[in-house]
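Here the chain labels run A, B, C, D, E and F in written order, and each chain numbers its own residues starting at 1.
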Amino acid sequence: MKLILIFISASLINNFVLTYFLGICPFLGVSNKTENALNMGLATTFVMTLTAAATWPIYTYILVKFNVPFLEYVAFIIAIAALVQLVEMYIRKSSPAIYRAMGIYLPLITTNCAVLGLALFMVLRDYDYIESIIFGFGTGAGFTLAMLMMSGIREELEFADVPEAFQGVSITLIIAGMMALAFMGFAGLIRG
Amino acid sequence: MNNLATKMFLVLTIIGAVSGGILAGVFHVADPLIQANREKELKEAIFVVLPEAKDYKVLEKEVDKEKITVYKGIDAEGKPVGLAFIADGGGFQGNIRIMVGLNIDYLKLKGIRVLEQNETPGLGNRIKEPQFEDQFKGLEIKPKVEYIKYRKPEKPNQIQAITGATISSDAVVKNINNAVAKVLKNFPQEEVLK
Amino acid sequence: MTGNIVIISMASMGGIGAALSLFLAYADKKLKVEEDPRIEALLNILPNTNCGGCGRAGCRVFAEALIQGTASVAGCVAGGQDVADNIAKYLGVESVKANSTVAVVLCRGGNKETVRNAVYKGERTCVAANLTGGEKACVYSCLGYGDCVRACQFDAMAMNDNALPVVFHDVCNGCGACARACPMDIIEMHPVERKLFNYCRNKDKGAVARKICTVSCIACGLCVKDCAVEGGIELKDNLAVINYDKCPQDDQPTKRCPTACILFDEEEKMTKEAYYASLPRKAV
Amino acid sequence: MADNNQNLWHEFKKGLWQDIPPFRLVLGTCPTLAVTNSVINGIAMGLATLFVLLCSNITVSAVRKIVPGQVRIAAYVVIIAMYVTVADMYLAAEYPPISKALGPYVPLIVVNCIILGRAEAFAQKNPIVPSIMDALGMGIGFTMSLTVMGIIRELFGFGSILDIKLLGSWFEPWIVMILPGGAFLVFGFLVALVNYISRKKAETVCH
Amino acid sequence: MDEKAQEKVSEKPVQEKSIEKLVVSSSPHFLRDENIPKIMHTVVLALLPAMAASVYFFGLRAIGLIVISVAACLMTEYIVQKIREKPVTIWDGSAIITGILLALTLPPSFPYYGAALGSVFAIGIGKQLFGGIGYNIFNPALLGRAFLQATYPVLITTWSEPLSKAAKAGVDAVTAATPLALMKFEGKMTSHLDLFFGNVAGSMGETSAIAILIGGLYLRYRGYINWKMPLGYLGSMAFFGGVFWLINPAKYPDPLFHILAGGAMLGAWFMVTDMVTSPVTPLGQWIFAVGAGFLAILIRLFGGLPEGVMYSILLMNAFVPLLNKHTRPKFFGEDIKA
Amino acid sequence: MALKTFNHGIHPSYHKELTSGKGIEKAALPKKVIIPLQQHIGAQCKPLVKKGDAVTEGQKIGEISASFVTAPVHSSISGKVKDIEKLPYPGGGKVLSVIIEGDGTTKEWGNGSIGLELESLTAEALRNIIKEAGIVGMGGAAFPTHVKISPPKEKKIDAFILNGCECEPYLTSDHRLMVEEPEKVFWGMKALMKAVGVENGFIGIEENKPDAIEALEKVVSGSGGSGIKIVALETKYPQGAEKMLIKAVVNRKVPVGKLPMDVGVVVNNVGTAFAVYEAMKYNKPLIERVVTVSGNGIQEPKNLLVRIGTSFEDVLNQCGGITKDGEREVLNGGPMMGISQTILDVPVVKGTSGITVIAGAEIKPNTYQPCIRCASCVEVCPVNLMPYKIGDLGRLYRLDEFKTWGGLVCIECGCCSYTCPSKRPLLQWIRVGKVKVREREKV
């Protein structure tokens, strides 16, 4: 039960993009087409789950054990960088089409704050191993959800008559703001 | 290839080791300061909820693998004035941590201080405003703390909930009740007075 | 104690770094994919407008074709000579003279010159209007809704106040997007050196054509007679057709044209700046 | 020499308007949105970022020639993460309230795209002095942006700036401004404003 | 065509008098006698009973709020359209609807400036920023309401008793809890009859189920709303509410209560059915309505807020483009092989 | 009992009362006719006459033997060929046409006793007669009939439907034919069925023509056990579209990109059946047809029997001419699918089932509003498209998406544009998309 709650909380209520502002760069950059958004979301979800699975042992069995928790950030980021590199190489090999579509955003998963944020929150909230993985997966799912919604809306907006100054990033941010307002409805859905 | 691999290996290892070293050095300097800050913060909170206290003693107990910590406030003459402890529990969004001051007579609260909360700004987060916190001064804890809405409290164990933030008010009250119950059970008055 | 922590930190971080580099080196070897880096480089040279002037579905496809050797280095019409030279330099082959062409609008029958039979209602684009036959009595003429102007990615065209498209000769790079966009096929791509054109595509008999447009070719044949070379200009389908292979470049068969539809291109002087300068100032 | 100075000046200046990070490059959006609910937080975050940016640009510029391409990003990230940890510990030691308010967003400077972006795009290719100018320009531009966001959000959200009440009791604070939704909206409008002004500028230059 | 290019080429002068000429156009050559203002004005008409009920239960202040928000909506639309140099279309009725709906979702005691602010947000940002009517993603009225909920969380959750009950209590305006809040926080139920007629505390236009029902049925009669929407929404609320009710009748209210209380009726008949922000495909419409109903129940029963109608619809609004894209009906003859 | 029909569609105001009660009148003999050499889908005919030749009524003047999908054209009057040139065609553009000046004489085509009996003819001979008579689909599409009734052997045809729906507003030419000449229509239908070789016949008629249903019912029951059934259909546009009619009558769906014969059905129009009868019995080629002249811009709406090649102006003048004031639109066909004419000097052709003149307020406005997603276009589209979407995609030339959203499936019935409250020219945009797709695929 607790796992389900963690999942729902991570994906809906405390959606990383809309409440913690994590992962905004790809959220703005890759959400112009649904297909790209989905691919990016899936790749990020994958990386996030892996990250949770990889950083938890590092934290617990190296940093805490040797009493050097201040190395947290360095250790996490290096693990993430390695994972992303792996995923990148893998996608490049398995699906050049996806690779081409995501272009420069794949390496940007490294600097996707959502991934590092995930590792930090995981430690902050004292999750155990399984919980961490679920948390990572839920966060990724929430990220994908937000990306998908935004990409759908943006595809629709191609037909709309948005004032010139607002086109692009600006209107995307404003829509994100509106989505954040709507997501407030989930607040308090799961307590304690 | 091999050459490159060696170079990669060396560069990363050295950068890793150097940064590890630097961080350890900085940590060595900063850590005591950070610990001191924490200490200070705790102390302040305890003295807010136990105004007469001039010093405190840490009492710890392990119950069901869970560590319970209370701080016994001591006035200038060395007499115990009350217990301070942290009530931690879920709020509307995330945890609420409250420092609770319990009178040494074990009947009334001496005050509370919200340490951490994540409630809705302008609504739930008004639990940290003095108007709300002050209601707990001298509040009777028996049978338990209660809240009522829209009206002035009628009983000595009642406080008025914040309009529109029923859940946050409820969470505060619930957390305090839980923590008080736990303390009453594990730290009997006689034991503390010793 | 302090020393201890420093050592542990250095060891653990150095260890993680080392492990990572080994892992990356391994992965690099196992998963490496060869993508031709030249494609990226060529894309940097190309204008990246994906105008389709090269006849391919975008700049990337063209770049791939270049590498495979199936495209000419001068194939990018939008890029012109500079790009051709750069590509040639990059690929280490000899540069070819870019075939520089320019769009020519072969209709001078704007609102002032043509008779209009009807009032068109509907989407104001040429393709849409062409579905209904349009307003003008001449069914071969420019419809005047500017599909060509919208198709031009280089801002090298505009609709003038007579509802005819104008090509800016200083901007037009001959990508041909306008010609493809025109449903009436009255825009053609011609080498920049060409000067002599018959600015009419009306295949009606002279008597009919004369009635519906003041600048139509009525196939009177005067230019055929005046042409310096036999067969330089022919009559075909009630139109004077210029044989560019035969007709000398500086030929002057245009003097007697009664409707002034066959003439030397004077629009050469039409540059973007000149066009906008000629417009009446609009209040902003 | 004068030319050289001008170049340096240019490296500095571009971060202030032409490439102002959050609004034009749309980098470093997370902190821009997350910590700007008050001016002081915004400034602190900006300065912390400036510090890390400066140090990492210098370091990257210094080691740029010895790091092989495959581990470039990994190496830079480690360097950046180290400086961030330093900044974090410094804040926690000296300014505990701010450290608390900024919470996990200080460590997240590690993944602030500005820093890695500048390291990749600039410091990696340039010597130390221009890299410093670049870092200063970008860092100050970033701090400015955060401050502006902070001013707007704090003013409407609390009726105050830097905790000084500016709007009287007649003003019922707009709570939304300190909520995520408000952050996105303010940011969106500022981006539009910057777009609009630069377009106007470009137009006047043209004619 | 993009706007700029269109302008560049549309300066075609009309030279002759068009009267003697025939008209040419692409088929079809004659069209239904239907237009946007007609639709919108009918909706305004359908909202009259709800407005009347709000005045009846909450007094003249209701009129004030409605007038203020409608005026603010119209003004905003006018100003934005002037700035953008677009044709002014404030009288097509859509801004009026937004104003009325926004006002009807506010508590009767809500300050006038708040209503105006919400209207400005609803029209200025929620609608005109996307290019005006037809392009907005979220329902402007609900967006304005959500903005106000986030902006003035206290003011917007301060309810007053309807006049009749207040008079009995002998005070001008008594702070009260809505039936949903009573149910949620104090476990008290309100009688269905009161909910049906609207003699309860709550947002001005939401309380009277019958008034809204009259308007909604009128719209259905005129053919301007799709029966799938209100049916799907209310049905799904009743279904999911009913499931929980059957699980624990003591804790959770019955389905009828869910349908009658709060904004369910107003949402079902006037907001879920908003043409612009709801899907166009039959399957998409079902998913939209049912999904929104589910979310509403979820938020009502488990969320932090007592009412979830507004958020449920806004959340589903964000899915509409995806729904439209992925629920395309099968073409005629697509599903069979030759 | 619920009447048979298809899903979706619209109920426009039909205005059939203007002409439905008016009998077919014979139009005056025109002084000059213009006979386009291509009045059908398929290859253009080559002229068999030249300038100055004398021709007689019914003489074949154009044919192309090299092609199967084509139909010969005949002179509709006796006289002299004045010229052969490209002239405006009511279906749009210019077509090579023969101009004939009449000498005022007419030919008698017989009184019903001449000609052949059905039993004595083979299917092959029937098809040949139909081809020689130049008969094409008279509902508007003008697809050569002999092609339609020669399905390839592997297609098993088991049903023949006579299309008497006439769902276009204003038009009543088929209606009047069914009321006035039910026997001839019935006979023609039997001939067509024999040519195809099917036993099962249906006549689909919308229930707003009770007199037609009654008249045909009488003939059918009188013939006894002929395997032909009359099916009353709901009055709904586009009930007369082939695919919709097949769905309504035999409940089969024609797959996307396929023809009726792929589901074993052949559909022919009432007018076609009548023309077949005349060709069989009197050896009369298709030189005359019933044309409804109607619309609110017409002084005296009528049903006229007009010779092919008569100019629209001639025809309109026999109906009191068109209104003089305000905007007017002259259509070859009905208001839903007709083609507007820029000039009146165009000939009536084989596919001209009516000339509609609409004027004044009925003319659509030239502006449109943004789409408000009301979904009415989706609700009316008989082929289940999302017209608002494909319209936009066509308008913006987003051709790949246009195709995936089904732009090419569109049957161009116009329901979407008709119903759109924002008056968006959806069908025109879809056509633009189709044109662009075709253009691209040619390259």
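Assorted remarks:
We adopt the following convention: a contact is a pair of C-beta atoms (placed from the backbone, for glycine too) under 8 Å apart; a residue touches a chain by one contact, two chains touch by 3 or more.
What you see is a predicted model; the values in this text were computed from it and never measured.
Touching chain C and chain E at once are the following chains: A, B, D, F.
Shared contact partners of chain D and chain E are A, B, C.
The pair with more inter-chain C-beta contacts, choosing from C-F and E-F, is E-F.
Seen from the Cα centre of chain D, the chain whose own Cα centre is farthest off is F. Each chain gets a centre from the mean of its Cα atoms; for chain B and chain C, those two points are 73 Å apart.
Taking each chain's centre as the mean of its C-alpha atoms, chain A lies 33 Å from chain E.
In this assembly, the C-alpha centroid of chain B lies 44 Å from the C-alpha centroid of chain E.
Chain B and chain F, compared by their mean Cα positions, are separated by 86 Å. The multi-chain contact residues of chain B, meaning those touching 2 or more other chains, are 4, 8, 11-12, 15-16, 19-20, 23-24, 27, 31, 92-93, 120, 122-123, 167. Contact of a single residue of chain F with at least two other chains is seen at positions 327, 339-340, 342-343, 363-364, 370, 395-396, 425, 428, 431. Across the assembly, chain E contributes residues 1, 18, 22-26, 125, 131-132, 135, 147, 150, 153, 304, 324 that each touch 2 or more other chains. Residues 34, 148-149, 152-153, 155-157, 159-163, 166, 171, 174-175, 178-179, 181-191 of chain A touch chain E in their complex.
Of all the residues in chain C, the ones that touch chain A in their complex are 5, 8-9, 12-13, 16-17, 20, 23-24, 27-28, 31-33, 35. Residues 1, 4-5, 8-9, 11-21, 23-25, 27-28 of chain B touch chain C in their complex. Those residues of chain A that touch chain D in the shared complex are 18-25, 28-29, 70-74, 76-78, 81-82, 85, 107-108, 110-113, 115-117, 120-121, 124, 163-166, 168-174, 176-178, 180-181, 184. Only residues 1, 18-19, 22-32, 34-36, 38-39, 89, 92, 131-135, 226, 275-281, 285, 324, 328-338 of chain E touch chain F when the two sit together in their complex.
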